[in-house]
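Given below, in the form of structure tokens, are the structures.
Next come two complexes, and both contain chain A; in the first it sits with chain B, in the second with chain C.
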Partner chain A sequence: MTFNATLEIIDNIAQISLSGELDASTALIFQEKIGAAAAQDINTLILMMKELEYLSSAGLRMLIFTKQKMGPGVAIYVVSPQEMVMDTLEKTGFHHSVNVIDEYDAAKIASALS
Partner chain B sequence: MERIDIHPTHIHGDFKLRRGKPFPFGATLVPGGVNFSIFSSYATSCILVLFAKHAPQPMAEIPFPEEFRIGNVYCMVVFNLDYENLEYGYRLDGPTNFQEGHWFDNQKILMDPYAKIIGGRDIWGIPPNWDDVYQHRARIAFDDFDWEDDRPLEIPPEDQIIYEMHVRSFTRHPSSGVKEKHEGTFAGIRDKIPYLKELGVNAVELMPIFEFDEFENNRTNPETGEMLLNYWGYSTVGFFAPKAGYAATGRLGMQVDELKALVKELHKNGIEVILDVVFNHTAEGNEYGPTISFRGIDNKTYYMLTPEGYYFNFSGCGNTLNCNNPIVRNMVLDCLRYWAEEYHIDGFRFDLASILGRDPWGFPLANPPLLETLAFDPILAKCKLIAEAWDAGGLYQVGSFPAYGRWAEWNGKYRDAMRKFLKGNGSVGEIAQRLQGSPDLYAWEGREPATSINFITAHDGFTLMDLVSYNWKHNEANGENNNDGSNDNDSWNCGWEGSTEDPGINALRRRQIKNAVAMLMVSQGVPMILMGDEVGRTQYGNNNTYCHDNELNWLDWTLLETNADLFRFFKNCIAFRKAHPVLRNRQHFQNRDYVGSGYADITWHGTQAWNADWSDSSHTLAFMLCGKHAKQGNIVDNYIYVAMNMYWEAHWFEIPGLPEGMKWNVFANTGVTSPEDSWEPGTEPLLENQTGLLLGDRSVVILVGK
Partner chain C sequence: MQTNFKGKIMGDRHPFKEQLIEEIKSLRQEVTALKNEKAAFEVQRKLLENLVDTEGFSVETEVLKVSLQKTLDLATELTQAEKGSLFLLEPSGKIVDAILSRSEVTPKQTAKLIGTVLDKGLAGWVIRHRQVGLIADTEKDSRWLTLPDQPYTVRSALAVPILRGEKLLGIITLLHSQPDRFSLQIAEQMRLTADQMALVLENARLYSKLDKYSKALDAELETGRQIQIDFLPYEIYQPANWQIDARFYPARQVSGDFYDTFFLPSDNVGLVIADVCDKGVGAALFMALMRSLIRVFSSQAKLQGRTSTILEENQPVPGSWLGQSMLTNLSHLEALQAVSLTNNYVAQNHWQLSMFATLFFGVLDPVTGLLTYINGGHEPLFILGNSGIKNTLKATGPAVGMMPNVKFAIKQIQLEPGDILIGYTDGVTEGKNPDGELFTNKRLISLLEQPAASVSQLLDRIKTNLFDYIADAPQFDDITMLAVQRVF
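Moving on, here comes the complex of A and B:
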């Protein structure tokens, strides 16, 4: 399935919705969105992963890049990853570096940040 | 302005090229491309061979232009590669002359000795395609793991408690309770960190995790017909790559991330990671072994050869890496630096380390350059360096390993002496030395007690349960007519060979296990326990299970329930050691009072206080540590008294008196059944009779004076 990434920024929250397969051939598309989000004054990055079907090593690298690019001042949420993607995040320990949640609840995230 | 040093200068087919950098060796990501660099002293030409991942045939072969060779290094940048889906190898041409030691063959595709990821055995136990032209496939790794603030823990050596373990064996058994996909993997160990924490160890020593080929074994189990493996992995394919089959993500090529995540999580929990590294030989074996890498790249440089061109076999495994050749020495150094820097590894245990002190012709060197280089390397400066101070060629260097003030040793003499004492043999004079951190071996050279890695069991040999259950090895399942494995086990079956329903024998075995760990945990030096000994793991008398991917090696976690008393005893003994710095001195005892406490730092006793029986026939010994001498008098600790009765009958032990106002409390008595056999530190009950106690047959008592 073709990879797609869309960025939406509301107030201090950036939301990137991912779909398809994130690998070496598509990682740059995601990287561009990350760069665009980082250029804004945000404190939260929401990665909607419900439609993301596959995460390769290069895709994982892009998540690591995301965390380092955003820095410690930006909370990163991974929302609804599919089982295979979650499995990869767990085995490589990346799930400790971000917040993995089942559903995106803006109010809950706002309260967690406050 | 654009950098001109990242512009291609040459073209080969669809590939754009530029002369590369010789350093670092291996394949390195550079702006726009990948820098390939490989060394060969005798090659006359070199071709870079590129594969799409898993592809049976190369997608391209790019000869290194002669102007890309610098000295003996071929280096080239190839631009615009899909490096995530890339595998690479080399063809090298040069002389072929057996007696001269040259094995060049440009028909073979060779793995990069510096490969950071190696494919081909991605999932454990999946039989490979033996017709594949490239069996062990070099891939490119990334170095962008999110370590956050992690760094090696730098636990003082004398404070370490090492747990020797095998990655797959630890969680492969279905009873491990980890997710099925995590069984037998780095991720599985991560799931079990709470267990390691509860036990109390603060270092894990992982049996080899460098890429190896589990299919490097052509034997079968004569009892079952099952194909045997190279299960332990003491046969390295690539020194820079983690074993893919040990990673749940190996099939995705993410083993680097998975292992780093394990190290990071262990560190978060205060547990160091020591790697068992095998630099004495490689998986290429003898003259009949496979050509994987070194043999085809620079046979004469990488291996020790006889004048006739055959491989020296000081490793017992077919060949011997030529470690004191300057090129090979640098590779070993590069390798260890890489693991220390890139994986935050805390220390290394060197398999058959005495080989590393031999010259290219096999003679022991007085001042081995490799050992000296590692001892003084700035990047490895805080890493533990531990030698298995012997080799298969007969060099035995326990107590005399060239240490440069840095090297610790697996103390084989500790193992042998303690085993003999346990079964009622041996000399109490030697036991006294071993309990003190073997000053007879190390103090004369100014080497500290932590030089001595104390162990009674390790992966080589019987488990602790088998040590007290078998007089003889039972290695028939290894397919070598029971000829493999050591015959010198100093074991005692307590009256019956193997498992038994006899309650008396079983009680004695449990007591002997507790005696062993009690003595280990009160010895100066660094204690090491073997995975599973804390729950009574058995290998059914097999003392060399290198080839079994089954319950002979897998840790059966139901034993945690069956032998809960053993686990509890181990846990308490470890906690006791951690609670008492007087057990973990940095310097050797001086056998005198240098703090004005009225007691020497260590005093020796027997059935009579202040009067040890040092005779050859003695099986009793006791000692007292003065708490005011803890850490050379810098810390005040409790007093500790340890009495050991290895006679087959009970003995009354008179106890030395304590300073005014202090009382003896009982931490452990192996002659008593659980749970009264040991206490959590701080909860020890008062000893009823402060002047003496009756020690049961083959029992150890530990008192704490406070």
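Moving on, here comes the complex of A and C:
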């Protein structure tokens, strides 16, 4: 399935919805969205992964890039990753660097940040 | 259409006569334009046909010359010229190649023409004005320059620039010994033909450029491949009573996967299987870095202090040290420091690239079969006994190079006689068939559950099944496997 990433920014929260396969051939599409989100004044990045079917090592590299690009001032939430994607995040230990949550609740995140 | 036209002539005797004449004129113009277009189209067809035929040619001159020679012959034929020439030019007007109709020129004559600057006569005029030069009679046109020793008397001449935008690529000249042989219509046909030639010429040049570039790139990658192979062990280290074998199938010329087997000064064996993220050249550079760092650090890292204290403070998980000898445990622990040292080096020095590797590093005592290891975010390794999978060596820490100063837990396990340790990269389990479906862990495990006579046989079994599965689908990821068996 082809990869797609859409970025939405509301106040200080950027939300990127990912679908399809994030691999070496699609990593740049994601990188562009991250660049666009990082250019805004945000404190939260929500990565909606429910529709993301596959995450290769090149894709994971982009998540590490995201973490570094955003810096410590931006909280990153990975929302509803599929089992295979979660396996990759866990196996490589990246799940320790972000907050993995089942459902995105804007109010909860906002209160967690406050 | 014709009937209506006739009908109109018959019906309108006087009032619309002028209008009819106008219509006929316009129709004639249309026919002429169509004829021109047809002629140009014919040339284009021949050119394209010819280019398709010569697509296999790699050298610029071959592609161009064959194509242009045929076009020039065709143009000469279409215009009923006696002689034709085609000069490929530099922007200055200097000839870089000369093609003459019906190949009647010797290579020596062509060589003489190359380098000459066309600044005089009709060609010079065409180059300066960037437009078609038509001479009905050379004796009445000052643009024609008659050279004293010219063997052939020219009376009609037509010179057409081959232009691509503002760029002058060449000039076609057509000659005849009789005056008034080239009409304005022919001149227009040739201008259209030259437009098509310009397109083909530019395409051929681009194709040739691309071809040269791709060959140069291929050669560079081939050098890279050779150097990368040098970063894999020349010979797989084979301690007494052990059999070690490996397989390595990169998806591209260079790869981010690697394996390593090497002897440590502490009489232990280093076993590595790793997968640098992403593919291609970037991954290959990091492969070389990580492989070297692991090798160097593993034989040099020394922990200071009392052995018992060090071992107490760095217990394997879960539980305690399995090794009977404190010195063996310490030497394994020291060699494994290579993982955190490599991790910190990459994370601190190359953090901007976000590169990392999933890496398994095991230190094996070949005498006792004691294996101490760190699995840094890599696919699980398996220990196979007589009845299939005995143990699964899952990740004990994150991938290497992602974040500095992270903890890599160490584990110990005992390999018994007959046991096989097998490691692989995700190119195995994520190999895709032509329908895009993954090979999966399940398929791999079912192959591991069947008894194997040797490590080589086991690796060949996986390889055969995996490549049969991938079939003619492209191999997306590097595929690497390492297998170690304690024979006695």
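As a working rule, the second predicted complex is superposed on the first by the 114 of 114 C-alpha atoms of A that agree within 3 Å, B and C clash if a C-alpha of one lies under 4 Å from a C-alpha of the other, contacts with A are read in each partner's own complex, and residues count from 1 in each chain.
Quick note on the criterion: contacts are C-beta pairs under 8 Å (C-beta built on N, C-alpha and C of every residue); 3 or more make two chains touch, one makes a residue touch a chain.
As the structure is a computational prediction, the values presented were derived from the model and not from experiment.
Classify the contacts of A:Lys91 with the two partner chains as first (chain B alone), second (chain C alone), both, or neither.
Once the two structures are laid over each other on A, A:Lys91 reaches both partners.
Touch test for A:Ser57: chain B only (first), chain C only (second), both, or neither?
both
So, A:Ala24: does it touch chain B (first), chain C (second), both, or neither?
both
Please indicate which partner A:Gln68 is in contact with in the superposed arrangement: first for chain B, second for chain C, both, or neither.
In the superposition, A:Gln68 touches chain B and chain C alike.
I'd like to know which partner A:Ala36 touches here: chain B for first, chain C for second, both or neither.
A:Ala36: touches no partner chain.
On chain A, which stretch or stretches are contacted by chain B in one complex as well as by chain C in the other?
23-24, 56-58, 60-61, 64-65, 68, 90-94, 96-97
What residues on chain A touch chain C, complex-wise?
Answer in residue numbers: 23-24, 27, 56-58, 60-62, 64-65, 68, 90-94, 96-97.
Provide the residue numbers of chain A that touch chain B in the complex, in ascending order.
Residues in contact with chain B: 23-25, 56-58, 60-61, 64-65, 67-68, 87-88, 90-94, 96-97.
Residue numbers of chain C touching chain A in their complex, please.
275-280, 351-352, 354-356, 358, 377-379, 395, 397-399, 402-403, 406, 426, 430, 476-477
List the residues on chain B that touch chain A in their complex, please.
It is residues 82-85, 142, 144-146, 148, 181-182, 185, 187, 190, 247-249, 252-254, 257-258, 260-262, 264-265 of chain B that touch chain A.
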